[in-house]
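Chain IDs A, B and C follow the sequence of writing; residue 1 opens each chain.
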Amino acid sequence: MSTNRLVDGVNVASHYRDATHQYDSNKEGIWLFMTTEILMFGGLFVGYIIFHTLYPEMFAEGATYLNWKLGFINTLVLIFSSLTMALGIYYCQVNQRNKATLALAVTILCGAIFMVIKYFEYTHKFHLGIFPGEKLNLEMVKPEHANLGLYFGFYYCMSGLHGLHVLIGMGLITWVMIKNIKGEFNSKYFTPVEGVGIFWHIIDLIWIFLFPLLYLVG
Amino acid sequence: MGQHSSGKNYINEEPGLLSWFGTLDHKRIALLYFVTVMFFFLIGGIMALLLRLELFAPNVTQNVGQILKNGDVYNQVLTYHGAMMVFMVIIPGIPAILGNFFLPLQLGAKDVAFPRLNLLSWYVFMTGAALAICTFFSTKVDTGWTFYTPYSIRTNGAVVMMVLAAFIMGMSSILTGLNFIVTVHKLRAPGMTMFRIPLFVWAIYSTAILQVLATPVLAITLLLLAMERVFGIGIFDPKLGGDPVLFQHFFWFYSHPAVYIMILPAMGVISEIITTHAKKTIFGYTAIAFSSIGIALVSFFVWGHHMFVSGQSELAGIVFSFITMLVGVPTAIKMFNWLATLYKGSIQFTAPMLYALGFLFLFAIGGVTGIILAVTAVDVHFHDTYFVVAHFHYVMVGGTLMAIMGGFFHWFPKMFGKVYNELGAQLSWVFIFVGFNVTFFPQFILGAKGMPRRYFDYIPEYEQLNKISTIGSWLITIGFLIGLYTMIQALRKGAKAADNPWGSKTLEWQTSSPPIMHNFDHEPTVTAGPYEYK
Amino acid sequence: MASGMLFAMLLMNKAVAGTFMPEQGTDIARQIDDLYGFLIIVSFISCAILIGGMIYFAMKYKRKSANDKTAYITHDTRLEVLWSVIPLIIFLLVFAWGWIIFHDMRTMPKNALEIQVTAKQWAWVAEYKNGVRSSEIVVPVNKDVKILLASEDVLHSFYVPSFRIKQDAVPGRYTAVWFNATKLGEFYVFCTELCGTSHSSMVTKLKVVSQADFDKWLITESEVGLLPIAQRGAKYFQTRACASCHNVNDAVVKVGPSLYQRWGKASVQSDGSKVIFDENHVRESILLPQANISAGFAKPSPMPSFQGQLSESELAAIIEYIKGLN
């Protein structure tokens, strides 16, 4: 049963000895969860690699429809956002609330930029008739490989699942930003910000693998 | 320690039904799972009875031959039987019920690491379960619980809804596993080193590792199958350049570790029951603990033994067969260690002990038939026949279900503070044990004779054994009904239970029956191992 | 003493293998049964030790009083090693033994008689090199036969219990399985991968005949073209798997409507219209099954279209056969 009590100014659940005990456990929990996320994306990567090995020319053809410049900009945006996220955590740790709020807001903005660029990429493809799998418009696209839809199935699945996680991350950062504005974080307690930060860094890391696999290959 | 003077415990402390649905107490959450999982077991069981009724006689036989409308209905019933039992009963089963209740207690902790996440796990589980049940009222799924492609891509059933349901229930499993790992790492009482934790905790811990590492792969597999059906992506569809056997690889990569998620907790329960009810220290604590971890890790490398005739290469078959042999060793080690624990013990034939002995009997048979199936040349004949059906029911029902029934009776006094009727519980065991063998032993023979599984009808020479098997299923049913009745009667009219009626040494028995809300009056300090019966 | 025990085990082996396994139709079946017999004996002994030991201890160490003192034995490393190593050795032994036989099963013989077997929902169709099509698989005795498996739709699995062979038929590729039948007779072939409604009816026979009979059969079958038209139609009705869904002996529904005594009669379609069961109706139903769904039957129809798959001659023969179903 969880009845909280204040220990050194921090709300600690009754089944934890002190704030450090709670903090360590929470961090371990978040890392375990991120392991499952990595494994899930890993399954997609394995599938991608298998089919890339089976149909290398088809994958090369598919990649020509991807704009590597936009992908590169997105990569820079996310890397920068990881920096601002880390700054956000740091400022919380040193009790600089306003700077923390700013850093978190910039992170959300970066996420938004990422999603907007994604939006343009997707709508441009839809305009060309590029949809996943069987829905690929063969008359409009006139691909060399009849099953090009397989490539775009992977493209949309991988970038789509990633994009979904970016959106979820933006929501989570908004949540901790609001908590920060309300003054809930200080040098003794910043677990949620750090947890969200870990989530955001892993999402960034996954993109760093996605970008070359999708955009730079072929 | 001891009876709490105010008479308050986790059951009566916060009254009202609503307090249960918003509870953060691991014990109450365990009971939420208890009621729902048992309900799903009932439905899955009825499906099984329907299947066995259909198989009572070949379809040409007048009146009793064909019960179900056609092969489609039969395939639907077998799908729901399998999917419900796997995803809604056996995988959550022991971890979510007994694990939730007793992991913190056995560690001397007040709760699991993340109580709110624990409640969320239950709600996520129920959401997935509700979605699965929805498919029942839409177009039912008929692919078998294994969803092999391309049939699962082409068939009319609500496959997408069903795999999303399984995806959601998988999330619940991940969250529970994650919770338990952190609990074991961080919330052990002072003095409780990793080698002083009870073997039930080792079992739950190994299972949790599997839940966290394996389930994400199921998640992506099911997601890809859903995408395949909705968008025709083509990864598993040969018409679009995909490979149906790839689905099998993806699917079994999770589903083989999943069967160890099903059996490891059961093995943990057996360690607890045998030591307590024979009042003897466990033989080979370290061997059993390391075997649990060993089984968990090696289980990731054997998935291809479900696929010897799938079209995978001869080399792959050989490698998977070899590694499967390796995973048989830690399993054998455990069985011998339990046997040795009985030596020079003081054995009481309480219902829990009967269920534990029943486990040893049935799992021995299940285990050796697993080795038989792991031999490539022999598996070619037995794959997809009733021999396999008999094997996995021996280990899952003969193993896990025996353990869960034994665990329920063993921990009943602690969970509810009431004494159950020993004769009723023992009688339930007799019917379940005998009925189980009558149902499933003939299926080994049917498989040897060549009867394939998932068959709606069969050639006349299989009739005799099928009849015997069906009659067995009725005996099992009687056994469970007696067991259920015994528990309900105990809840209503049972005498007050003592704190430690069995004289057990593990920490959960050193607090009141039922436990107070935060488990222990004072945090226990541990100075010795959990089985010091001297 | 040891050789006596060995001899007893061998006898048990044969007995066990013989009792519950189907008749051995090939030499490999015999080899597998020997291995299986060994496995049964070893399993039996292991279970006897475990279960027997358990029952013995349970009785001998039954609780006598509430104050019983039990022996405090925490472990024994020698025992631990013993019951790790001995099972491991046995497991590796059967693994290796199985590997030898498995390798033989997976190595396709050269110069085998090749038969193309295609699985479809829900029948097996065998096609021989000389063009003969058959719903039953006929082979000569004592000859290496290689089955090239294909599937038209979903996964199926080709299983001959008496030969102890099994191989999945995977759509999109070929798989193969071989055997050398040493006994004359008829053996069951089952589909053993869930493939839909009539999965359990996808049963056919594998007939092992003498070389002379086989040669004769091949010729007779290839002369199907010389048969009277209705008899030809009866053949196609089998080899095209119409029989797996349409009953011709009485009015009982299998999967699709029965074709018994239908000719010339009126029937109601799913859209309420009435049709006469004549040549044109039957032709359209075969080539465009979705256009003619009978009342009370599933939409869309699970019947595959035979457009482009039947010549006019074959169509006419099938229609003639259906005409005569009285």
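Rule of thumb we're sticking to: a contact is a pair of C-beta atoms (placed from the backbone, for glycine too) under 8 Å apart; a residue touches a chain by one contact, two chains touch by 3 or more.
Owing to the predicted nature of the structure, the values given are computational and were not obtained by experimental measurement.
Averaging Cα coordinates per chain and for the whole protein, the chain whose average falls nearest the overall one is B. Counted by C-beta pairs in contact, the busier of B-C and A-B is B-C. For the pair chain A and chain C, the distance between mean C-alpha positions equals 49 Å. One finds 32 Å separating the Cα centroids of chain B and chain C.
The mean-CA centres of chain A and chain B are about 35 angstrom from one another, to the nearest whole unit. Counting only residues that touch two or more partner chains, chain A has none.
Of all residues in chain C, none touches two or more other chains. In chain B, the residues that reach two or more other chains under the touch definition are 242.
Across the complex, chain B is touched by residues 20-22, 31-32, 35-36, 39-40, 42-43, 46-47, 50-51, 53-54, 57-58, 61-64, 68-76, 79-80, 83-84, 87-88, 91-92, 94-95, 97-103, 105-106, 153-155, 157, 159, 161-162, 164-168, 170-173, 175, 188, 190-201, 203, 255 of chain C. The part of chain A that touches chain B in the complex is made up of residues 1-3, 13-15, 21, 24-26, 28-29, 32-33, 35-37, 39-44, 47, 50-51, 55, 131-135, 147, 149-150, 153-154, 156-157, 161. Those residues of chain B lying in contact with chain C across their complex are 70-72, 75, 142-144, 148-151, 154-155, 238-239, 242-245, 278-287, 309-311, 314, 317-318, 321-322, 325-326, 328-329, 332-333, 335-337, 339-340, 342-349, 357, 360-361, 364-365, 368-369, 371-372, 374-378, 380-381, 383-385, 445, 448-450, 452-459, 533-534. Residue ranges on chain B touching chain A, taken from their complex, read 10, 24-25, 104, 109-117, 174, 178-179, 181-182, 185-187, 212-213, 215-217, 219-221, 223-224, 227-228, 231-235, 240-242, 246, 250, 517-518.
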